[in-house]
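Look for subunit A in each of the two complexes below; its partner is subunit B in the first and subunit C in the second.
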Partner chain A sequence: MTSPTDNAPHAPRRAATPGRSVIFRILRADGPGGAQRWEEFKVPIPAGANVISCLQWIAANPVTTSGQRTTPVAWDSGCLEEVCGACTMVINGKVRQSCSCLIDEYAPGEGDVITLEPMSKFPVVRDLWVDRSRMFHTLQRIKAWVPIDGTYDLGPGPAERPADQETRYVLSTCMTCGCCLEACPQYKLERDPENFDTAFVGAAALSQARLFNAHKTGRDLKPDRLEALMGPGGVNDCGNAQNCVQVCPKHIPLTESIAAIGRAVTIHAFARFFRG
Partner chain B sequence: MSQHRVIVVGGGLAGLAAAARVAEAGLPVDLFSLVPVKRSHSVCAQGGINACNEVARQQGYSEYEHFDETIYGGDFLADQHPVLEMANMAPRIIDLLDRMGVPFNRTSEGQRDLRLFGGSLFKRTHFAGATTGQQLLYALDEQVRRGESEGKITKYEFWEFLWPVQHDGRCVGIVAQDMRTMQIRAFRADAVVMATGGCGLVFGKSTNSIICTGAAAARCYQAGVWYANPEMIQVHPTAIPGADKLRLMSESARGEGGRVWVPRKKGDSRPPHDIPEPERWYFLEEKYPAYGNIVPRDIATREIFDVCVNQGMGVDGKNQVYLDLSHMDADYLTRKLGGILEIYEKFVGEDPRHVPMKIFPAVHYSMGGLWTQYVKGSYAPAAPLPKHKSGARPPLGAEPGQGMQPGAPTNMMTNMPGLYAFGEVNFAYHGANRLGANALLSCIFDGVFCGQSVVNFVRDGAPGKAPAAGLPAGPYDQVVQGESDKVARLLSSVSKGAADPATNPYIIGMELGEEMTAACTVVRTGPRLEQCLRKIADFRQRYAAAVLADDAAWSNQALGYARAVGDMIALAEAIAKGALTRCESRGAHYRTDFPERDDARFMKTTVARCDAAGGSSLTLEPIDASLIAPTARTYGKKDDAHGKKDAPKAAMAGVS
Partner chain C sequence: MFLSPAERCVHVGKTIGFLERNHFLLRRLHSLTGIIPIGAFLIVHLTTNSSIVWGAINAQKGDTPLARGVNTFQHEVAFIHSLPFLILIEVFGLWLPIAFHAVLGVYYARTGSMNTARYPYQGNRRYALQRLSGYAGILFIFYHVATLRWGWTWLPYSSIFNARNAASTTALALQGGTEGLQFDGVVVSLSYMIGVSLLVFHFANGLWTAAITWGLTVSAAAQRRWGYICATLGVVLMAMAWMSVIGFATLNAADATRIEIGTPSTHAGRGAELAPELTSTQPGPDARTPKAE
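Up next, the complex of A and B:
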């Protein structure tokens, strides 16, 4: 498990040495379940470099520090501006997005070392690239959508108070990155899709359930969502360790969401009990 | 019905909207994407999405005005009917997104809030915080996920589109590769929708996501689909140079008082705060005393480019200038610009409240794209558009037949029957220059409006009688074989070649980007473009001998990239040739050797057709401008109908 980190802008730091090189220690694997090995690369650091730009450099110059030619490192990325969630990995022991990870901050001196590892809660595809399909599956499990009557023109949606919009907006910035799951002691690696429906859903999905329960039309599926979150792998699996909220790059109030879903599930269970 | 299927390639806004609409009509959809669709490039859009709305309407705005602005903003290069239809549908698209649960910002009464955007005097831009694209993408992603859980949509994520399959003169499917297992196989379909986005990576670094290579479009183009207006590439004046990407810096930084400057002394390496006022060159303020730092986008872009590229005066000898807010009160800046300053801080690691930002123009959007057609609509002048403000000038021209005909099977179909192009990958709506917050609109419009055209084509067109499911295997096998051979060729290079920058696909791609940025962006000239075309021919030769660094049969990203480089070269050639052929200046396309717009010769669509060798031949095709006559560029004279929008362009009289 990785320790929690705070991605907020950092305090003034040690000035970075211009023209330096930095050592990348990268935990690699050729395929799922394959043996992992460390490889080291010495990478020249231009101004403004981040982990992705260094991985790009390695892709063009795949030679290890011991002069061995190797294959380019595989990794996942997209937007390069911390909004798509693709590039999440464990950097110097902390889970975060690699595109917003500045080398000047992490390795300001000549020869400083940065370690890159794939997230440990998801099966490795190759090297730093992991398979997060379970997260998307979980969104189906909790019916994370608004059940509209189709895509034809049927007039506007429900009006909404600004305060409610603000609450929903923050929840809706979740980019399915998986940081909160990597940091959670209750969320375990699961390779078998057969178990996706009973394994712990994790903080991100609990928060998404809250998002859709808060929408006037989305609410129609609230009973289904709560049913899904009552059973095994639901909200009761959360041990309240609160690691999740500390690593969320979007500062989503995950513990609030977990508490809200916890209450809703309790009420739902009571109501179901009395309905018989 | 059930034996028919539709393929959608691309899960950005355009692809997701198309998938949702087609699936809703009862046709099963196979949705392909390089990345999980929720991570598509559309997620990057920040600003918002345009549509006429009740407040603006009561101030005199209308769908027609939105249409007019878009045509004018695009410098009269767009065919006008599709644009009219898009503007007309825009308010209903906002309603739809609203119903899907997009958290649009709200007024205190709970109505959708609006903001002002470039190219309009009316507030007509809807937004959701600072991440509108993300919020729209997620709303559509959720609807598609619902379709998936109901068994109507099947996703193929981490699958790469490789080539269209044709039979009997129409597109009957695709060949794609699973980028994890590397399996290559054919998929049958009765219609294929390409919604694969833009091509920023042809220019190396851009504001686009890393997957926006344009390779998918380039493959269609090489397979015989025409590519229109390739030369129309939008460059945004202020982006943050980065080692991996050029991130957008909003224009509001200049609007709030940001000053653009470089040291007067070439190569002055002192930190900015050690350079006294008289030794700073505030070149925009000097050249444009009236407008100063808030000259319009195209001028700011050209001047910054000139200072750095032509004069070599960039900060630290690099392509960058200072955008300085540090003379302003830090608290004020936080209040007014907090969000965008944080982006700078996050990615540069410096606080723009205290240190001048370094910025440079960056390739941002492709107005050009796969050529598409449409069927004119049947609106009659006597029956104005729904909800059009009464008393305003009639929304339509004199002759009947306006807009697009809803459901016509060929709307946004390419010249290859059965193959459609939706979203940024087509060329249909933005002419020579896109207005801010109109791209998201065109993507979703294509999906929901033209999605119906796809459905009708499948039901009533050729596939109705001969579903792809029943066609012979030959054409599919042949394309699979072709693509497998291509891969085998690339992989076999690994053992053959030695490490050499000349044949390293990453280096070729990088040099291609540098060359395209230098020759084919802000300022273009005939001789430089000819030189660029010669270099592209060079790249093509080097690419033919490319040597990969990885022959893994599993999750081989080096292969995916190397393959795309070849396609980017083909697209680059069309872009450069288009720019060379268009001997005028229009919208984003600026030729120093032809600084004027030339309607008589060039108010036409450039259409590129690919020859067997991967080169292009170009023709100029007429456009339909029957609704709004092109106005002379009067640089904001008061009596010009467009003067209000054009006002800042007064400064342009001084350029060239």
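Up next, the complex of A and C:
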């Protein structure tokens, strides 16, 4: 069962003070591999502000609380409606999308502090902007696609049952944002692309393997996916902390996907042992 | 092109070690050994040990609750020691699987990093405690087996277990001497209490995660249902574990010795077939081994 994301503070909701200013404490780095430092900014909050709109204000007014002029804070974003995953960052210690993070919920009072950090499981490009290319490499590693390329017309695909489509739909909403990986105690920062093929794939990719294994054409590649997920960095590296499902903004049943892949791999291994 | 995990390692130019080549087999053997034989043995072991308490309801074993407990436990121990090829059962059924589970467990645990401070979810706390209880469990099992089974008397607070005087020598081991529960005994008994509680948690929680690992429980509802079953088993085992530790920590060793002397044979007379060193030992409070020669 999915549970609501646990990012908002649990303290009783205070009514937001109109016309207040909020302190943003931001972990910054000037470039890839650069040393990180904290900088604070005091930002006036208009009604309905979110973290991205505050970052835009900071970009226009890059002056710290101590009056020091600094460079604009860099961040990544795309859709601004929580479907692309690009603006994922660690807000008040927990990972989530910054576009859907409303200031009224996080900092309703004058002088309240919001901390922003880049995700720690991906290499920092600059400030809050990280390089998530390992996630896309991992999708290639597990062949997360439906094989329909050919030199001739393959004809219509097999009919899909609505019930199966419904199961797959929620899995297909994964936006490769990396929340599940940031919260995972088994997923580690890997800077060297040489190791992308053997490091832990994480919950998102395991769920995508389940998605494409469940597709009637996609299942052609099921043995390849299961072989990849049997090896180092595969499903067995999961430690069942189940943080992934708690932080997934799309409420994808990631722990069910992990168990489903575990089952598929068990059956695959026994079949391979006895059948050859 | 299709690549097996091993070929994939070669493909990316990595040296493939033994662990990578047999990744799946070792991972699943690690999971399996935690349940069979180790978990299964834990259930048997705690049932036997807690008989010092639940044996009191065993009406055929004596006149007083104490005697019934001591005699029931002695009966169980004698049965275990009457098993054929006991040393082979111990080595291949217990010691090697435990060593395998422990070594790989430490190696796997080192691949993770705990983040309960930021993500204090219940599942994440169990993840952390599973690893901490594993580390603590290794130390406890080593001390427990080294002192009471291997007789390594150079270890602190060590004591010799004698299968012919099972209850009294176990009591002396937990109480740290013949004077009743003194400081040494409190240290040993508390260590047992903590060690065995952590191991019971480790087994119950491990049984729950193993069902996910093998794909037995897939849906969240199934995982929750199986969780209730594992938790119930954990509570029962925890009760037996505490019964055992409290039972032996508070047992009057002198009384227990007198009851054991009055027990001519146990388990259908098989006690007499015990090894000579077990039958010839004069039981008594001096069964405790001096710490230094």
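The rule is simple: the second predicted complex is superposed on the first by the 257 of 276 C-alpha atoms of A that agree within 3 Å, B and C clash if a C-alpha of one lies under 4 Å from a C-alpha of the other, contacts with A are read in each partner's own complex, and residues count from 1 in each chain.
Here is the rule we go by: a residue touches a chain if its C-beta (ideal position, glycine included) is under 8 Å from a C-beta of that chain, and two chains touch if they have at least 3 such contacts.
What you see is a predicted model; the values in this text were computed from it and never measured.
Undergrad: Based on the superposed arrangement around subunit A, label subunit B with subunit C as either clash or fit.
TA: fit
Undergrad: What is the contact status of A:E39 with respect to subunit B (first) and subunit C (second): first, second, both, or neither?
TA: After superposition on chain A, A:E39 lies in contact with neither partner.
Undergrad: Touching A:D197 in the superposition: subunit B (first), subunit C (second), both, neither?
TA: A:D197: touches subunit C, not subunit B.
Undergrad: After superposition on the shared chain, which partner residues are touched by A:L154: those of subunit B (first), subunit C (second), both, or neither?
TA: Only subunit B; A:L154 stays clear of subunit C.
Undergrad: Please indicate which partner A:D224 is in contact with in the superposed arrangement: first for subunit B, second for subunit C, both, or neither.
TA: second
Undergrad: Once chain A of both complexes is superposed, is A:A260 in touch with subunit B (first), subunit C (second), both, or neither?
TA: It touches subunit C, and subunit B stays clear.
Undergrad: Taking the C-alpha centre of subunit A as the vertex, compute the angle to the C-alpha centres of subunit B and subunit C, in steps of 10 degrees.
TA: With subunit A as the vertex, the angle is 160 degrees.
Undergrad: Using the touch definition from the top, say if A:A183 reaches subunit B (first), subunit C (second), both or neither.
TA: Second partner only, subunit C.
Undergrad: Count the residues of subunit A touched by subunit B and by subunit C, then name the partner with the higher count.
TA: The partner that reaches more residues of subunit A in the superposed model: B.
Undergrad: Can you work out, in whole Å, how close the C-alpha atoms of subunit B and subunit C get once everything is superposed?
TA: Here the least C-alpha separation of subunit B and subunit C stands at 9 Å.
Undergrad: Under the touch definition given earlier, write down the residues of subunit B that touch subunit A in their complex.
TA: 17, 20-21, 24, 35-36, 38-41, 43-44, 92, 94-96, 98-101, 103-111, 128-129, 131, 134-135, 138-139, 142-143, 145-146, 148-149, 157, 180, 209-211, 241-245, 247, 342-343, 345-349, 448, 499, 504, 506-507, 510, 549-550, 552, 554-555, 557-558, 561
Undergrad: In the complex formed with subunit B, which residues of subunit A make contact?
TA: It is residues 9, 30-31, 46-50, 52-53, 56, 59-60, 62-63, 69, 71-72, 74-86, 99-100, 102, 104-105, 125-126, 129, 132-133, 136, 139-140, 143-148, 150-151, 153-157, 159-162, 165, 168-169, 172-173, 175-176, 212, 215, 217-218 of subunit A that touch subunit B.
Undergrad: Mind pulling up the subunit A residues that touch subunit C in the complex?
TA: 1-2, 6, 93-94, 183, 185-186, 188, 194-195, 197-198, 200, 223-224, 227-228, 230-232, 234, 236-243, 245-247, 253, 255-256, 258-267, 269
Undergrad: Taking the touch rule as given, give the residues of subunit C at its contact with subunit A in the complex, in rising order.
TA: 2-6, 8-9, 11-14, 19-20, 23-24, 27-28, 111-115, 118-119, 121, 123-124, 126-128, 209, 212-221, 223-224
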